[in-house]
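In what follows, a single structure is set out as C-alpha cells and then discussed.
A, B and C label the chains in the order they appear, each numbered from 1.
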C-alpha cells in the first residue's frame, strides 16, 4: 500500500462533549476506492466519528489527514468542495423542500454549472423513483425514497469520499440490498471511497472491503471484511454472533 | 439562557446557609426561614431609618424612589428570573396601581375622609386592582410561551397608557391626575420634612414586599416556580399544576408592581400616561437583568441603578459645556443609550448580572482566604 | 356607507404596510427562530437616514433609496455585531437583547435628531381620488400598494426561483445539513436579516407620512400591530403574514374610524389575545405550530 492510495488517515483522534470523550485515540486508515465499514453497538462512537471527520464536532486531540492534507479548522461547508460528502444520521432530507430542490442543493456550490446539471441528470437516471417525484416535498417520501434522495444529493457533488451513516436504518431488506449493491457499483465504476457506518453487520460486510469494530469510543479491531465475515471466532469475539 | 443565568440562589434565599453564618447567628435563627428574614428586614429597617435621618431631602426622595422601583423590580425578578415568564408590561401594571391609588386618594379627599388609615387603604386598593389585572394577563400568559408572551405583554404596555385617553373622563387623558396626599402626621412635628416621610412610607412598602417575596421564594411555592421554569414537563410529572403556578407568579408579580406604582403616585403626587410608557417597562426589565435575574438582591441593584444612572449621566453631561439644545437632547437620551447598551452587554457577556458578578468575586475571595 | 367604503380602502392601504412589516418579522423568524422586537426601532433608524438624505438633496427618491440601503446595512450590523453572540438556548435572551437594541437605537436617534415629530413628505398627493362622490384612494395609497406588491413579488421570486433563495430556505429549515452540502449558513442568516430589515425600512417609509411624522417611537404601535398580523398568519407563513396584515389593517381602520383612534392600541391587544388563545398556531400556519 503506497501513500497515494490512502485517502483518509486518522491518528489518535479524540473528541467528545465536556469531560467524557466519545472518541478515544481513534486510528483509522481508508484506502481510496474501497468501502470501509465501521461496526459496533449503539453508543460506540460511530456517528461521532463521522461527525468529527466532517467537522461538525471539534476534535480535542489527534489528527485527520484527508487527501494528503491535514484537516484543521477547515469549515464544514468547505469539505464538500474538497470531495468529502456526508450523509448524516437520519439522512438529512430537508422535509420542507421538494425532491428536486434537495438534489439541486447538493450541487449549488459547484462552479461548473454544466457538470452540476449533468450530475443531476445522472442521479435521476440512477434513481428512477426520484425522477417521478421531483415536485414532492421531502416529508412525503417513503423511507427508501428518502435514502435514495440523500445518497443522490451526495452524489450530485461528485464526491471522492462518502461518509454514510446507517443507510439501512428502517428500510426493508430488499431496499437495503439494493443500496449496498449500488455502493459496490459506484466503487467499481467511479472509484468512490465509502466510509460506511452500520449496525446492520451482515449487510455492511456483504459489501465492505475493510472493517473496523468500535466499542466505547475506541477501535477494537481493524481487519479485512472477508476475514471478519468468515472467521467465526473473531466475529463472535467482537460482534457477538 | 443558560442554567447559570438564572441560578435561584439569592443570598437571602441560599439553599443551605453557609456554616459560618449559622455559627454567627443564634441557633433559633438558622432554624426558621421566616424568623431569619424577619430579623434581616428589621435590621435593614433600622439601618434605613437611621439613614433617612442623615440624608438631605433630595437624597431622601431618591431613596424613596428606589424603594418604589424595588417593589416592581422584585416582582419582575420573581416572574422572569424564577418563573421564566417574560413581561414587557410591568410599567403598565405600575400604571394600574398608580391610577388606582390616585383615584382612591382623591375620592377620600373629596369625601373629607382623613387620617392614618387612608394611605394604607388606598395602597391596598391599588395592589388589589393590579392583582386582578395581573390575573387576567396571567391567565392568558399561562398558555403562551417565549416571544408570544413577550408580544402580548408588549401590547399591554402600549395599550394601557392609551386607555387613559379613551376613558378621559376618569383618567383625564395625557394631562393625568394630581394626587391628593396628606402632609406627614402632625405627631412627627410641624416641620417634619415631607421627603423623609415619603422615604419612610416607600421603604416600609419595599421592605414588606421583599420580606414576603423572600419567604415565598423559599417556600414550596417558590420551588414550584423554579421547577416550572426549568422544565415544564418534569414539573407536571412531579404533580405541579403548571398553569396555576404561572398564573400565581403573575398575580404576585403584578401585586408588587401595583404597590410600586402606587408609591410612585404618592411620591410624584401626580400620575400621567407619559410616566408609565413602554420605556418604563423596558427600564424595569433592564434593571432586573442587569441586577441579576433570579435573585431578589439583584432587584435591589436594579432599582438603585434606575435612580442612580440617570443622575450620573446628568452630572457627567454637565461636566462638558454644551449648548442648551444639545444638552437637553443628551439629558433625556443618554441614560436610555447607556441602559440599552448595558443590557446588551450584560446579556451577552455576564448573564448573571451584578449579583452574579458579586457572587463570583465573593467565591474567589473565600477560596483565597485559607491560603493566606 | 360612503364612510365604510372609505375606511375599507384606508384599511387595506394600512394593511399593506402592516403586511410588509409582518413579512419582515416572518423572514427573521423563519431564518433564525427569533421574533425581532428591535425591528421597529431599526426601521425608524433607516427612515431617519432617508430623511437626512432627502433634507440634504431635496429629493424624496434619493432619501427613499438611502433608507432601503440603510435598512440592509442595519440588518447586517445587528446580526453580525449583536445577535450572533446571543445565547440561543432560551428565547428570553434574544428578546431581551432586542429590547436593549430598541433602547439604544431610540436613544441615539433622539440625541441626533431630537425627540420632536419631524414632518415626513410623500412623493404623491394624499388627497383621496373620488369615484362619483365617494372618496376612495389617494395617489399615495396606490403608491403604497404598488411598492408592497413589488416587494412581495420580488421576495416570492427570490425564494422560489433563485439558488440564493434555495440556500436561504435550506439554511433556515436544516442548518446542519445545509453546511454539509456546502451552504454558507452564517452568510445566509446575515442576508436574511439584511433583507428583513430593508423590508421593515420600506414599511416605515410608507407608514410614517400617514401618521404623526418621524419620531424615535414612530413604529412602536406599528410593531405591535404587525406582530399581531404575523401571529394571525402564523409566524411561519409569508402568505399568512400578508393576509394577516390586510386583516389587521382593516379591523384597525374600522375601529379607529367608528370608535376613535385612541382605541386602536386596545383593539390590537384584544385581537392579539383572541388569536393567540383561540388559534395559537395562527390561521394560516402550514406546518405544525411550534411553541418557542
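Just so we're on the same page, contacts are C-beta pairs under 8 Å (C-beta built on N, C-alpha and C of every residue); 3 or more make two chains touch, one makes a residue touch a chain.
Computed from a predicted structure; not experimentally measured.
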{"item": "Topology of the chain contact graph, where touching chains are joined (line, ring, star, complete, other)", "value": "line"}
{"item": "Chain whose Cα centroid lies nearest the overall Cα centroid", "value": "C"}
{"item": "Approximate Å spacing (C-alpha centroids) for the pair subunit B, subunit C", "value": "33"}
{"item": "Centroid spacing, where centroids are CA-atom means, of subunit A and subunit B in whole angstrom", "value": "57"}
{"item": "Separation of subunit A from subunit C, taking each centre as the mean of its C-alpha atoms, in whole Å", "value": "44"}
{"item": "Touching two or more other chains - residue numbers and ranges from subunit A", "value": "none"}
{"item": "Residue ranges of subunit B touching subunit C (in the complex, touch as defined)", "value": "1-2, 5, 80, 84, 86, 88, 140, 143-148, 150-152, 154-156, 158-159, 162-163, 165-166, 278-279, 282, 285-286, 289, 329-330, 332-337, 339-344, 347-348, 351"}
{"item": "Sites on subunit A touched by subunit C in the complex", "value": "54, 56, 75-81, 85-86, 88, 92, 94-97, 101, 104-106, 108-109, 153, 157"}
{"item": "Contact footprint of subunit B on subunit C as seen in their complex", "value": "34-35, 37, 82, 85-87, 89-97, 99-108, 110-111, 114-115, 217, 220-221, 223-224, 227-228, 231, 260, 262-266, 268-269, 272-273, 276-277, 280, 291-292"}
{"item": "Complex interface listing, subunit C residues touching subunit A", "value": "163, 166-167, 169-170, 173-174, 176-185, 287"}
